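Below, each structure is written out as structure tokens.
Two complexes come next, and they have one chain in common, chain A, joined by chain B in the first and chain C in the second.
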Partner chain A sequence: MSGFTISRRTMLTGSAMLLASTAMPALAWAQTPKKGGRLVLAADSEPRNLNPAIVASNGVFFISSKIVETLAEASFDGKDGLAPRLAVSWEGATDGLSATFKLREGVKWHDGKPFTSADVAFSALQIWKPLQNLGRTVFKDLTAVDTPDDLTAVFKFAKPTPFQLIRNALPALSSVVPKHVYEVGKIEDNPANNAPIGTGPFKFGEYKAGQYYRLTKNTDYWGKDEPYLDEIIYQVLPDRTSAAAALEAQEIQLAAFSAVPLADLDRISKVPGLKVITKGYEGLTYQLVVEINHRRKELADVKVRQAIAHAIDKDFVVKTVFLGYAATATGPVPKNDPQFYAADVPTYAFDVAKANALLDEAGYKKGADGNRFSLKLLPAPYFNETKQFGDYLRQALAAIGIDAQLVNNDSAAHIKAVYTDHAFDLAVGPPVFRGDPAISTTILVQSGIPDGVPFSNQGGYKNPALDALITKASETLDTTARTDLYKEFQRQVTADLPLINVAEWSFISVASDKVGNIANNPRWAVSNWADTYLAG
Partner chain B sequence: MTRALVLLRRRLIGSIFVLLIVVIGTFLLLEAAPGDAVDAYIVSTGGDAGMIELLRHRWGLDQSELTRLANYLWALLHLDLGQSVTFSRPIRDVILERLPTTLILMVSATALSFGLGSALGIYAGARPGSFRDRFLSVASLALYAVPGFWLGLVLIVIFAVDLRWLPIGGIETLASDRTGLDRAADIAIHLVLPVSALGFIYLALYLRMMRAGMAEAWRQDFVLAARARGLSRRRIVLAHVARNALLPLVTMLGLQSAQMLGGSVVIESVFAVPGLGRLAQEAVAARDTPLLLGIILTSAVLVILINLLVDIAYAFLDPRVGASEAGA
Partner chain C sequence: MSRLRRFLRTPEAVAGTLLLAVLFAMALSASLLFPGDPQAIAGPALLPPFQDWSLPLGTDRLGRDVLAELFHGARTSLAVGLAAAAAALVVGAIVGTLAGFAGGLVDEVLMRIADAFQTVPGFLLALAFVSVVGPSLGVVVVAIALGTWTGPARIARAEVLSIRERDYVAGARVIGMHPMEIAFREVLPNALPPVLAMSSVIVAAAILTEAALSFLGLGDPNRVTWGGMIAEGRTVLRTAPFLSIVPGIALVLTVLSVYLAGEGIVETTAVRRGLS
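After this line comes the complex of A and B, so read on.
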């Protein structure tokens, strides 16, 4: 077997695993790919809108990335971490005002019509820029897409736009949908949003609400001899314990996105015929972050924030909350990012005495009851781990004389309380690092963001120097200079602590030994699975 | 027959008020819950201020609560349940798709708990105080005390994972293109575990009611008379004691239907059964107010109908009840 089927013990020996895994070479498989078969896997949610050009989210990609393709996909060993898909080459102009994509020849839509540059232009201008959750930010300065011929698309920007950003955004933001299907009527109401038509290796088959999605093989796929599978069935299993049971009963062959809870992994890794895989999610890193409301006068003091950082035992969090399936964080860019991560940032070692001293220094002496002040702590309910870390943080704060009151909400209520009402002092959030700090990381600390924007700075933090740095980086075209600015960004954030990064984690897959070519790119679960196969 | 008709008319008028209270109450409760459908939606997508505003407008959430309630009631008057914001489909279609599944589950589970519960109750109550009586009482109470999801999970582990006799969940084999009897048999096999999990929990209620009713009946004069007539014990148990103890169980059947609907929320999640209960849970999480209102309205109508049927049945079984209602 290959080298990435790791047990929990080997995982625990180095929490730098996430870092190491990106450096691993592409894996050679002993088995030879086999054609045919039906892959059945667990799905824990049912996205209603399956158009990844409009909704760029992992829940949607999980299903629709097999149907609708992007211009490029993330890759372990490709140039700039990319592998070509609908685009075969790309180049940014030195002035940052245009970017040229050469498109793949001989690609057909699932309805038989040819794929051309007009489809790319339509998707970019009519969908990514005005409608897509992430594209609205990244493509905000896109003004036109020229199509000199059927296989060339030239993106034109109103303001110089770093090509590094566009490149990093390609895997998640560049889903191309057919112009001839979408040009009639309102894009949001198009029936193809629920039954997507793409160029991918699989066609949309059917959706039975509450039961399953069925994708079927695209026999006209451009990839030679691909796809291998005849069918993919996503079985809807809403209860988190049922995915593990279904794997053991051999009713499903794969549970991705940590559908099997961490606590069950140790047991399930011992079941013959099943393997636990921690690779294949490097491009989807989640960050465990303590969000801080700087409107509270105590928390506006950097000494108090530093004290809180010193009070958190990150190693303990990785070991107990994540059972070792995570890495400790140093700052706002995860360690496993190959382009931007800076290691030389101020760090805050676990040191309760120092934390207490900092709080005394800040003028918050312990009262007669041993408390300095009280806080409202809102852990995000989206993951078990964010909730459990909330419990841990309450105890860690108690040790330094801060009385934290836990407020538990469901998802909708939490989003409203933190990002619209600002009814929190501390919150625990899981922002996602999307391969470039400009996509969804800098807004976590930038000022001037309107109320109600989720996963953004809603803590009232305002730092003109940091804002200026973020603006400068967003306009810097040279890749090296831009990367250096984001390294400086990490140093400033970790020094002033507008938020506290605690850990970085991603998902775990559990699969039958029969499933081949798993986890062979950094966004495997949300890639096209053209080469995934079932051994006999 | 007229007795039943009077009862029917009386109930229908009352029901309309009940339904109105249910709708307005649910609407207000949901409005009081923090966060709206857009907040629930952007959890998985994120998005900037412009996109959020766009969504609120599209889903009509930028209107005032009162306007939305008035619009809903007006549409309801025209028997229109509205459009689900998360499914982007008419709510009537979404509910009709799930209703049969929940009905099959409920009816089967009720039949199991009522049938087996009363049979065991007769068995236990035939000899009050005996070992089998005490054993059944304790065993059924233990089952009643078990949380539904736990019972479901244990059944899955034993019968689906270890023994592999039965499927772990779902309502039928996925994408199998079965039809007719073949499909019916497939659904039946899939229903064994969820129906057992749901039915066994409520079995204790019927068992204990039956047993208590029988213990009561043993002391009645007509049982003494039957004994004096020299009837066999079996005949006394079945024809005299059990028959009289059965009446309160029928009432229970009506009351139980509402609880069964509540219990199916949990069971449907554990067994991945695409029913109304799970839909309700999803609607709450997504803050899909019109969808949840539609589900609750459907459930309320269902409970009212079942209770009406029970009352009609009761009126036939026990002339005293119907007479007092109709005569009042």
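After this line comes the complex of A and C, so read on.
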């Protein structure tokens, strides 16, 4: 693990600091976890709905994954990249029409009632399928969940559904909530959405708007001796510069999700007692993507799209915008995905001359002012990096004679402008790759998606061959054949460029040396933290 | 004693005017000294000032020339400041004159409208307006003017109320001039000096409001603005403070120079009016 951390200590384990380092062995990472303590960390947003079964997003998981658990969690070394949580084993039928989950014994809800297969059936049928942002696609063919006994849940599908997809969806999409709490009244209005009740290692304590969320230890947790921490406090620090200051002042012990700006990492890694960790987000890869409105006649020409791809210096973007904390992208599946990534795809090297030649070839000659045509460019406002890339892209396009006019919007206005009104030519978006292209990646290029669905193909791109491929892959049960189809999908997307993948990035945590068992799974920041502890 | 001599005897006024002249020179020479797009990437990112003499003030997070941005930013700041102040003064003077000269119902209606605008803090009004209409230079000018026209309107009205009782106004009525003509040709010019005295404060406030809007990301994104530069520098405040400090100093000097020069002019004219 230490290979991924940069801290003053690893840098100074030279001879000069021998004297000082002898005073520190108590802080070594590989020690037995200590019980007790309160972990205080920075939270940059305050989600109102904390029900992860309805809102499957990282902002909600960050807090609620400690309270409400899923059937399985992502894992670095587990089989199929999974570690059991509420389910202890799972198996898909060969015909793809059912999947059987064996559930964990002796699990209790925070209010003392026992956890049974009825809770899983209720969550899947009443929440994941009809209400959840991601579950709507993945569980669309789920018709029933049989519960032969209290510890078995059998999912029944109307159409063959690849078990690989269900498996890959478990960590993010399978939050189980208690049936006895949710069966009365409307699920969306249930008070437990704001004060969740789950089976996790921590119970919801209280929430003070603008100040903090407090989670307390669940003494009845199923994990042996877990959790180690007594309390977790999410200190609301919306200002990104204040997280670094709070860490240095030892007011907080952890800032996850890149709460510390990238530009500050170099400085903060040299502060004694703090470590910078780039691990623990492998399952949460964000992609920097140029979304294209194919309704514009210039952009409907593949040569123009290729020219734009050639105009972008991906290495510069990684080095300057992300300060090296990112990787260049080749296509719609990130390089760090162990199952689906295909390297043999058409690539577009940074080549301004070639880009200019392609545009000339397409018939868009430079005018007297050096411009070929004008475009409206809408960078998504969610991240500093998407905004900065927007600034960069404007310059990169100017170099090939495309005059891009930036339009800045707030989040709500941006989503409306791009995904409902289609009032853009180019947009910069940060879609998330969630471990399987069928969860949230194929809809970025698939046609026939209704207006207003955010983070989907709203650029009017229509490619029957690609649509057929996506449909075929969604019905293919064999894991190898399905994986191959998604590799072909990557080749077709990169050849025709319905959108341009520029970079892939994840987040950085900065933590006090005292916090132990950090980043020990690929979705660490949004996992349950049952084994996290505070030393000394 | 001539007005110029009196003006030159106040050192603040001279300093302010000189500074303002430098700023105008910067704004006007921006395209000559730094032709092309000031937002073009000119060198390595985050180069500190005074390291490379082709980029004397260093570069920002994307490697854009800070000095070029500063010069082009002066243009935006001054243009917005002057345009917004001019708009506020013109609208204010007209509304104030109409209200004061017409009196009665017109006065009531116009002044209640002014009240309504005055009860909303000017910056909030600008913020709301820009976020609804969408940021561009013209919209920012209108947004700032919306919050500042009431001051000149009230002063103009007060002046007009006293002027309209003067004999020469009565004379104009007797010779049958149209009331509008009296209001704008006889009354308004005489009511103007105290209104214009406010202009320096309004320009300074407008420049600050524009910077604040840009800082919050509501400026025109296709133009360099000092407020936008400060906002961008804020994310790297601890590692590259000069990115925020340099445009910050420019902003302070501009506001100060406008204010000092304005004060100087007001004082010389006030003394003249008081003595004569």
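General observations
The criterion applied here is as follows: the second predicted complex is superposed on the first by the 511 of 536 C-alpha atoms of A that agree within 3 Å, B and C clash if a C-alpha of one lies under 4 Å from a C-alpha of the other, contacts with A are read in each partner's own complex, and residues count from 1 in each chain.
Simple rule for what comes next: a contact is a pair of C-beta atoms (placed from the backbone, for glycine too) under 8 Å apart; a residue touches a chain by one contact, two chains touch by 3 or more.
Since we're looking at a predicted model, the values are computed, not measured.
With both structures placed on the common chain, the touch criterion links A:Thr241 to chain B and to chain C.
When chain B and chain C are set side by side, the one touching more residues of chain A is B. Look at A:Ala535: by the touch rule set out above, it reaches neither chain B nor chain C. In the superposition on chain A, contact is made by A:Lys208 with chain B only, not with chain C. Contacts of A:Phe455 after superposition on the shared chain: chain B is touched, whereas chain C is not. Of the two partner chains placed by the overlay, only chain B lies in contact with A:Leu134; chain C stays clear of it.
Of the two partner chains, chain B is the only one that A:Ser57 touches; chain C does not reach it.
When the two structures are aligned on the shared chain, A:Ala398 is found in touch with chain C, with no touch to chain B.
With both structures placed on the common chain, the touch criterion links A:Asp410 to chain B and to chain C. Where the contact sets of chain A with chain B and with chain C meet, they give residues 241, 410. The touching residues of chain C, counted against chain A in their complex, run 37, 39-41, 45-46, 61-63, 131, 134-135, 217-218, 221-222, 234-240.
Put simply, chain A touches chain B in their complex at residues 40, 45, 47-49, 55-59, 131, 133-134, 136-137, 188-189, 194, 205-206, 208-212, 214, 231, 233, 235-239, 241-242, 245-246, 248-249, 251, 382, 409-417, 420-421, 440, 449-450, 452-455. In the complex of the two chains, the chain B residues touching chain A come out as 33-37, 39-40, 42-52, 58, 86-88, 94, 97-98, 149, 153, 156-157, 160-161, 164, 167-171, 174-175, 269-275, 278-279, 285-287. The touching residues of chain A, counted against chain C in their complex, run 240-241, 244, 261, 263-264, 266-267, 320-321, 381, 384, 388, 391-392, 394-395, 398, 405-408, 410.
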